[in-house]
Structure formats: structure tokens, C-alpha cells
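Two complexes, one shared chain (chain A), two partners (chain B, chain C).
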Partner chain A sequence: MSEAENRLNRRLFLHIPTVFLVIFFVLPLIALVVLSFWQTENYKIVREWTAMNYVTLATEPAYFIFFIRSLFMAIFVSVFSVVVSWPIAFFIVRHGGRYKLILSLLLAVPFLSGEVLRLIALQGMLGPTGLVNGVLLKLGAAPLRFIMYSNSATFIALVYLYLPMVVTTVYLSLLNFDFRLASAASACGANRFRIFSEIVWPLNLSGTIVGFLLCFIPTLSAALAPRFLGGPNGVLYGMSIAQQFGESGTWALGAAMGVVLFLFSMLVLGVFSLGIDLRRTGFTGMGRQ
Partner chain B sequence: MNQSQNGAEAPYIRIANISRQYGQVRALHDLSIDIDKHEFIAILGPSGSGKSTLLRLIAGLDRPTAGRIFFDGVDVTDLPPHKRGIGMVFQEFLLFPHRTVRENLAFPLRMTNQPPQMILERLDWAEAILSLNGLMDRYPNQLSGGQQQRVALGRGLVTHPTLLLLDEPLANLDRELRNEMEVEIRRYQKQLGIPFVYVTHNQEEALSMSDRVAVINGGKLEALGERQLIYDHPPTPFVARFVGKSTRFDGAFDAASKKVDLQRYNYSFPYEEVAERKGNARVEVFVKNERFELLPSRSGSAGIPCTVADVVLRGPFVEYILETEADERIIAVQPKREEPLALGTKLSLSWNPSQCHVFPAGR
Partner chain C sequence: MYAQASNERLTKWLMGAILVIAYAFLYMPIIHILFASLSSRPNFPYPPEFDYGSYIRLYTNTVYQDAFLNSLIIATCTSILSTVLGFLATVGVLRFGGRKALLYAAFFAGPLFVSEILLGISSMSLYYLVFELQGNMVTAIIANSVHCFSFCFLIMAALLYRYDWRMNEAAVVCGASPARAFYEVMLPLTWSGILGSLIVAFVLSLNGLDISFYLLGATPTMPSVAWGALRYGVKPELYALSSIINILVFAAITVLYFVARSDKKRPME
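The block that comes next holds the complex of A and B.
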């Protein structure tokens, strides 16, 4: 390959994506940070530098409650999704046979409709006169109150929305896993439990962490699900941000909330990525033909 | 010592009438092998012959559809691998990539709940016997192929298992390393005094290491015997073709003159008996490449006339690639002499009738 061609390739594959990322990713982020240090009054932006928004966030307990609520919601949803994903992904990889691809693609079917549509459908399922409670009422039983406009309903919705992400990630991880390592462990005298805890789980931990994060980060900033299903005590942090930019028109405060969320998410990503060492996952190890 | 029902001494490992069927496919069919305590046995067969299936059945990684397996008189057929007390070495090594050499070696000891003192002793033992000094804290991806192989062997041996199963453990190594490891592996086996069951498709490996060779073809046991016997007296055409390097000729046995005539050459040699067929029977003749006799061509000589087409030097041996009048190529292996035969030399090819193997054709 000639030097000129090489340079052209570099430009195509490195520079163009860089430009794209700067325009559509870095610049909006900078705009958000700048906005967070301004003020909004009567639906107008006041361009005066101030840290008032951050002071408000630190002193007003409501925002702290929203944040903690979001954090716990994200942890519960992600952990639950990981726990449920493993058996599903494991089953597809080990017993899917030639239907593996189709089974894994089926997981993405809900994505064919919109998020709002799926939430409205869930509303129909879980609401006071929804499918679940409607049937219970018809049978003369008491309706399940905890799934009507509550944090539980939001939990169910968020699991429904992000479980496919986690299953797909764990599935891909297990698909790349060399199950002959499990045979080797078995021949070494390991029983099923120890094969899992010593070999299968640690070697798929990276994939699981990625799946966890793919669920955790969007759940942390979830806005739509709590809005449709959360009820009066179900305001989450992301929903509150949406409100700042919508009904209340306090964009600068919303921007500050966004910056806090962004920094926290980066922190979580950083901490978890410490646990990922691809060289030790078997992807580059011996034993794959 | 365990006694079998009829009072005779039971073999250390007994594989009795094992069959394994995958759907319609018969991977193994009614196969029986007994293995002695100090024996190195090679399971030799082409790919797809069922030899790896046999190994997995002995290990307990798979269950037979019929037949039983006994270790030291105990029926282990229904036991999972971790209750059989075996060691196993795989073709792709299959070291645990997230564990150091030390942790890989300690793994089988931990899994069988050995006391910490014992684990340390065995780790030292493995480090010494396999010369792994300085490698104990490395990860598998930081090791060369040969080092990984030694760790894999160590992982199979640290528990001092009832028997060690080896599934083509040298297939991924280069030739020189392979020869070195062949000697090493045999040395470990003699040192430890436990049976090694060594699966391979490489007849050289099988012959160089084992005491006995079991040849498997199409899921059936073709031959089982001392390696020398298998090599010198192959019981079936398949074994004759597969063990050692041979050349095959078509011929016909003339019962009246007790001679075998080759079909494509004007060459015949006396032969006593060919199986049970009467009259003139078509036969297959196998001659090991190193058992050809090469003589300078003279008019009226009895051999197959041929010309030296190429000469391949193989250290102490020379391979002559000979072209016959029938346009066939025959390889003759000879000890290296001072001056190898020149290209184009006309030769007469023959062999000692007692050194070739004749089988009825078209079975």
C-alpha cells in the first residue's frame, strides 16, 4: 500500500469519525456544561456565570431523593436483569442448536415498536383495569395494588425495556466462551457448581459487566417509564430532568442535573471497567480454533 | 487385588462392549479393551474413527449407549468425571486463561479438596518434574506452546490420578518439540506407574510412545496388540495401510503354483497361503517402504523395473521416489549411504516375500 493511500485511509477511518463525534457528542456536552452555569428566569436564559444550580441541587432534598430513588431503581433493575438473563442466554447457547440466531433475534422483537408504545401497552397490562387486575377482579380476587402506578410498575417496565440488552450481551459472551474449558474443569474433578463459579462465571464476567452497564446507565436516567407508570411517588431523576426542560422551563437547572448524572455515570463506568480485562477472558487465550 | 467373578485377576481398567450412538450415527460399536496398571496404550485411528468418543467415555464426559467401564474392579459407567479420579490432557491444552500456571496446577487439587500442605507439595513436585521454574506466576497467554503443553500435562498429573487420558496432546506443537515431548511423556508414565491412554491419529506418535496400540476404524476395534506386533504383522488391510508407511499392490494368488502375481507388473513371489479362498483369488499386497530391496537393473532380473525420480534426504534415511513403467510412484526408504543413488538411475525393485503382507482383496 502506498504512503498516499495509507494517509487517505487514515483520514477516512480516523478523522471522519472524530469530526462526527466532536460535532454530535462533545459539542452538545460542552453546551450542557455551559448552560448549567447560567440561569433561567421566566423561560429565558440569563447568561451570567453562577453555580446557583448546583447549590440548589445540593440543598433541595427532593433532587437528592429522586437521585437515590433512581440509583436504587437502576441497581435493582440491572441486578434482576442479569440474574434472569443468565439462564436464558445459557439455554440459547447450549440448547438453541440451529435456532440460536433466531432465538437471539427474537429478543429484539419488542424494539420493533417504539418505547412509548411499549410503555402504553404495559400501562394497559398493569393499570387498575388492566389485563392482570381485570382478570383478578373478574375472578372475585383482590387486585394487585403494588403494580398500579407505583415504583414496582416502573421496575417491571424498565426490566421489560432493558432485559433484551442484557440477555444479548450475556448471550454473546457465552457464545464466545469455549465450553471445552468446562469439560476440562470437569475432568479436573470440579462438580457443576464449581465449574460455574470457578470457570464459567469469571470468564464471562466482563460480558456480564457490559450487559449490567448497558442496563444500569439508561435505567439511571429513565424518564418515560416512571412518567407513564410511576404514579405520585414514582418521580425518578431522569423524569425530573425532563420536567426541567419541559413544564417548568428551568433549563439551566436541568442542565446541571444532567451534568451530575453524566459525571456519576462516568464514575460507575470507570469503576466497573477496572473489572474488565479482556486478556483474561479467553478471547485471546489458546484453545480456540 | 480385585477378583472378577470367574476368579481370574481383573484388569486395572476394563472397557467392556462399549457402544455409543449419536442419533443414527454409530460412533463406537461393541468395543472392548483391558488396560494394565503400568501400561501405556495408544488409541490410533483416523479422524472420525471414534477414538475421541472413546476417550470421552472413559473420562465420563459422555455416557455409552451400551457397555460398562470398570476402574480397578469398580463400575464407573454412571459416575460423573469428578468422581472417577482421572487426569486428562487436551489437544488444545484448555488451560484456564484467567488463572496463573500455579492456579491452573492447583485447580484439580483444590477441586478434590486436598489439604493445603499437600497442594504445596504437589505444586513443587509438578514444577520440578515438568521444569516449570520461573513460569508459575505467568498466565497461559504468556507461555509458548510447549510450556502450555507441560502445564496441561502437569494439571493432568498433580492429583496422581488412576489413569491419565491424553487427547492428541502433541498435535499443536511443532515437529521438534513433539519429538522431545514424546520422550518426556513416556518418561513420566514409567516414573508414575499409572496407565496412560493416548489418543492420536499419528501412527508415529503411537508407535514411539506406547506399549500396546489399539487401532480403531469406523467405531470398531481393528487391532489391539504390542506395538511391534501391530507394525510387523498387521492383522487387517486397514492396519497395514494405516500403521507405518506402506505401498499397496493389486495382485492375484495362484493356488496351483503358490505364487502371487502382481497385476500391473511382471513380478511374482512365492506365498504360502491366502486366507480361505480357493483357486485363483485377487489379493492386496502391502510392502513397508523401508522393506523394499533395490538392486541395479540388469536384463533378466526378477524385480519391478523403475527409475529414481527424486531423492529426499531425511537425516539417517534416504527416501527414493521411484517411477515405474506403469507410471506409479513408489517410495523406498533406505539407510543413508555415502553416495545416494543419482537421479535417473535404473533400478530393480523387489522384496522378501516373508516381509510383505497379503490380504484377500475386495472385502
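The block that comes next holds the complex of A and C.
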């Protein structure tokens, strides 16, 4: 292939998606920043530069509480999901045999049916008239209060929403992991704990971090689950953003909250990506070259 | 030695038990609402019965029909647009990426790490508030495509990385135009990845609420109507709608399963 032709192909294949993302992904984020420095009065935008929104965010304790609550929720949900996904993914890869494909695709069914529909299904389980309390009532027991409109309900819902994603990520990482390395360590006399802590875990750490982040970032900005299941003390940050853009019409403040959320996500992403080697995540299989 | 073997078996059973519990946790709500939608007593539909009342009410409700049609249009356009862009990106990274391949790959996967609500509100800020454009289907399709693009890119990259690019060059050397090389050599070998990407993008954008919600204004989509109805309490119709979508998703995944299996039988190398 000639050099000029190669450059043309590069332009065609790499630059078209890049331009698309710059216009419709990066530019909107910049617009969000711009909006966050404007004001909204009576559902109208006032185009005057001001940092009022950030001052409001810093001085109003409610937003800080929402944020801290979201942060803890996101940490708990992601850590729990990672801890649970490891045995599941490991079992599928090692003992799944010819059912590997079925088991991994079955994870995709709940994931693809969408947040709203899954919340509806979950409400059928957890709500006051849901299955869990229905069974308890039939058995003559008292209904469980903590799964109705509480932060525990939000926790269960968020694990339900993002567990398939984490399992899939860890699964892909383990699938591309060469288990002969573990056998080699075993032959050299390492015990199972050492094999895990010195070979399997570190070599799949990148994939695990990606899974953690793919759960952490959406949970941090969760808006639908807390609104529907969280109850009066369950307002989370994402839900508050949605309210600024919805009922209250204070878009500029919502934009400022969005910018804070975005910057914080990027910070977490930056810190964690120090530990990520993309070639080892198992996502694209580039590690196998 | 014996102790270690039994220990290993114990670990295996423990992991298996966690797997079973997790799958039960994931599927119980789905199966429960399927029974609930078929029952005249949706709160506690056991023993199961078969009552199609909620499906008939759903079918005759025009609100859901319009919303479903809108969702279908958005999902179709989004899946095509994001798959085309994802395909370009995949080929670009795998074939023409060179030393910057990883950099491009990280950028193309970027939207995965920005939550849907941020994508929604930032696109809304750009279109409505900066350019003062009215929300319409096109803006919703584009914003959904940004989100689905990353999924498409990763799916196709995972399935295409073993593709031997020399085959395209061979076809061109034999006198085929690049387009013909694509249709007759590349497409038959890579269609499973393309189909997988189409299906996943379709289903994701059919069911996604966050993105469309901020970009469509008053135009109803299926998830937004479901969300609206949810605020007035869950009704059996919603269970019926949910069950129909779950069955459709299940069918799509079954298609993916057979595609992936036929792909395995005929390795690309």
C-alpha cells in the first residue's frame, strides 16, 4: 500500500469517529461547563458570567450530603459487585465447559432490558406488596421494613443494575488470562493462596479495575433507582441533578453539579487508570498478540 | 494431597453456589413479573394462572403504541449509526492505529466512563441552551449513538482483532475494488461481530431512559412512558410491557448465541 493511500485510510477510519465524538461528546461537555457559569432565573437562562452556582454548591450543606451519600453508595455497591463477580467469573471460565457461552450471554439479558424495566421488576420483588414481603406475610411473619423505600433498597437495586456489567468485565479478563501460568506456579511449589495473590489477581487487576469503574461511575450518578426506591432519606446526587433539570428548572445549578460530578469521576478514573494496562483488560484481546 | 483435592472441590462448589445465587437474584424479578403480568392477582401470582387481560389493556392503550413506535425509530437509527461508526473505529484502531492505537482505543471507549445522565444533560445544554435548538428525534439519536458507539467498538474489536487484514490486500491485488473486497471477503468473515453490535446497540437504545429523556422534550418513548406510569404506582400493564421486552431481549440474545457458536466452529485464523 502506498504511503498516501495509507494516510487517506487513516483519515477515513480513525478521523470520522474521532470527529463524531469530539462534536457530540466533548463539545456537549464543554457546553455544560459554560452553562454552569451562567444563571437561571424563572426558567430562563441569563447569560452573565458568574460563579454563583459553585458558591451555592459549596455553601449549601444538602448538596454535600447528597454527594457523600452517593460516594459511599457507589463504593459499597462497586466493592460488593467486584467481590461477588470474581467467584462467578472464575467458575464460568474454569468450570463452565461448553456452557461458558450460555452462562456469559445469560448475564446480558438483565443488563439489556433497561434500567426502568429492571426497576419495575425489582419493585415487584421489594415493594410493600412485592414478592419478598408477600411470602413473609403468607408465612405469618412481619414484612421487612428495610427493603422498602430505604437506602438498602437502593443498594440492592444498584447491585442488581450493575452486577452483570462487572461480572462480564472480570469474565473477559479471566478468559484472556493464560491459566498455564497458574499451573507453572503450582509446579514450582506455590500454594493456592500464593498463586492467587501473586499470579491470578495481579494479572487480572486491570480488568477488575475496569469492571469496578464501569460500576462505580454510573452508581455515583444514579438518578432513577434512588428516586423510585430510596425513600425520603435516600436522595442521591444524580437524582438531585435530575431534579435541577426537571422540576426546579435551575439548569445552571444542575450544570454546575454535573461539572463537579464529571471532574470527580475523571479524578477517580485518573487515579485508577495508573493501575490499568489496557492490553491486559481482555476487552479487545490486544494482549494476545 | 487428599486434603488439597477436597479443598479444591469445596472452593469449586462454593463458587458454583455463588453463581447460582447471583443468577437467581438476577432472574427472579424477571420471572416474577412474567407471572404477575399473566395473573389477575399481580401482587402474589402463585399458583400461576393465565390471564391475558393486562396484555389486552396494553395493546389497546394508544399512549404505549406511539411511545413504542418512537422508541423503535430511535433504536433502529441509533444501532445503524453507532455500528457504522464503531466499525470505522475498529478498523481504524486495529489496522491503521499504529503506535497511537491504544490512545485512540481509550478515547473511543471514553463514553462508557461518562454516566448516561451526564451525557444527557450535557447534550441538552449544547442543543437547547447554547444553540436554542428544539429537541427532536435526531438529537436523541445522536446522543444515544455516542453512548452505544463505545459498546459497538468494544464488541467488534473483540471479534475482529484476529482478522487477517492481508485477505483484503490479497483481494485488492487480485483486482477487486476496496468496496468489493469489503463485501465479498470481509463482510462474510466478520458479520457476527457486526450483527452483535447492531443487536446490542438496538436493545440498549430501545430501553435507555436517561439520554432520550433530556433530549426529546415532550415526545414519548417507551421507557419514558413506563417511567411516567411508574410514578403513579405499578400497574399490571407495566408488568406486561416489561415481560414483552424481556422476551424480545431474550430472543435477541438467543440469536447472538447461535451466531457466536457458528463463529466458533469456523475460526477466523
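The criterion applied here is as follows: the second predicted complex is superposed on the first by the 274 of 289 C-alpha atoms of A that agree within 3 Å, B and C clash if a C-alpha of one lies under 4 Å from a C-alpha of the other, contacts with A are read in each partner's own complex, and residues count from 1 in each chain.
As a convention for this text, a residue touches a chain if its C-beta (ideal position, glycine included) is under 8 Å from a C-beta of that chain, and two chains touch if they have at least 3 such contacts.
From a predicted model like this one, the values you see are computed outputs, not experimental measurements.
The partner that reaches more residues of chain A, of the two candidates chain B and chain C, is C. Once chain A of one complex is fitted onto chain A of the other, the partner contacts of A:223 are limited to chain C, with no touch recorded for chain B. Once the two complexes are overlaid on the shared chain, A:199 sits against chain B while remaining clear of chain C.
Residue contacts after overlaying the shared chain place A:138 against chain C, while chain B stays out of touching range. Once the two complexes are laid over each other on the shared chain, residue contacts for A:258 go to chain C alone; chain B is not touched. In the superposed pair of complexes, A:188 makes contact with chain B only, with no contact to chain C. By the touch criterion stated above, A:267 is placed in contact with neither chain B nor chain C.
Applying the stated contact rule after C-alpha superposition, one finds that A:55 touches neither chain B nor chain C. With both structures placed on the common chain, the touch criterion links A:19 to neither chain B nor chain C.
By the touch criterion defined above, A:88 reaches chain C but does not reach chain B. Residue overlap on chain A between the chain B contacts of one complex and the chain C contacts of the other covers 279, 284-286, 288. Residue ranges of chain B in contact with chain A, taken from their complex: 59-61, 80-82, 85-88, 90, 92-98, 107-108, 111-112, 139-141, 145, 148, 155-156, 159, 165.
On the side of chain A, the complex with chain C involves touching residues 1, 6, 9-10, 12-14, 16-18, 20-21, 24-25, 27-29, 31-32, 34-35, 45, 84, 87-88, 90-92, 94-95, 101-103, 105-110, 112-125, 127, 129-131, 134, 138, 160, 163-164, 167, 172, 192, 213-214, 217-218, 220-221, 223-224, 228, 238, 241-242, 245, 251, 254-255, 258, 261-262, 265, 269, 278-279, 283-286, 288.
Residue ranges of chain C in contact with chain A, taken from their complex: 4, 7-8, 12, 14-16, 18-19, 22-23, 25-30, 32-33, 36, 43-44, 85-86, 88-89, 91-93, 95-97, 101-102, 104-119, 121-126, 129-130, 142-143, 145-146, 149, 153-154, 157-158, 161-162, 169, 200, 203-204, 206-210, 214, 223, 226-227, 230, 234, 238-239, 241-242, 245-246, 249-250, 252-253, 256-257, 260-261, 264. Within the complex formed with chain B, the chain A residues making contact are 178, 180-181, 183-191, 194, 198-199, 202-203, 279-282, 284-289.
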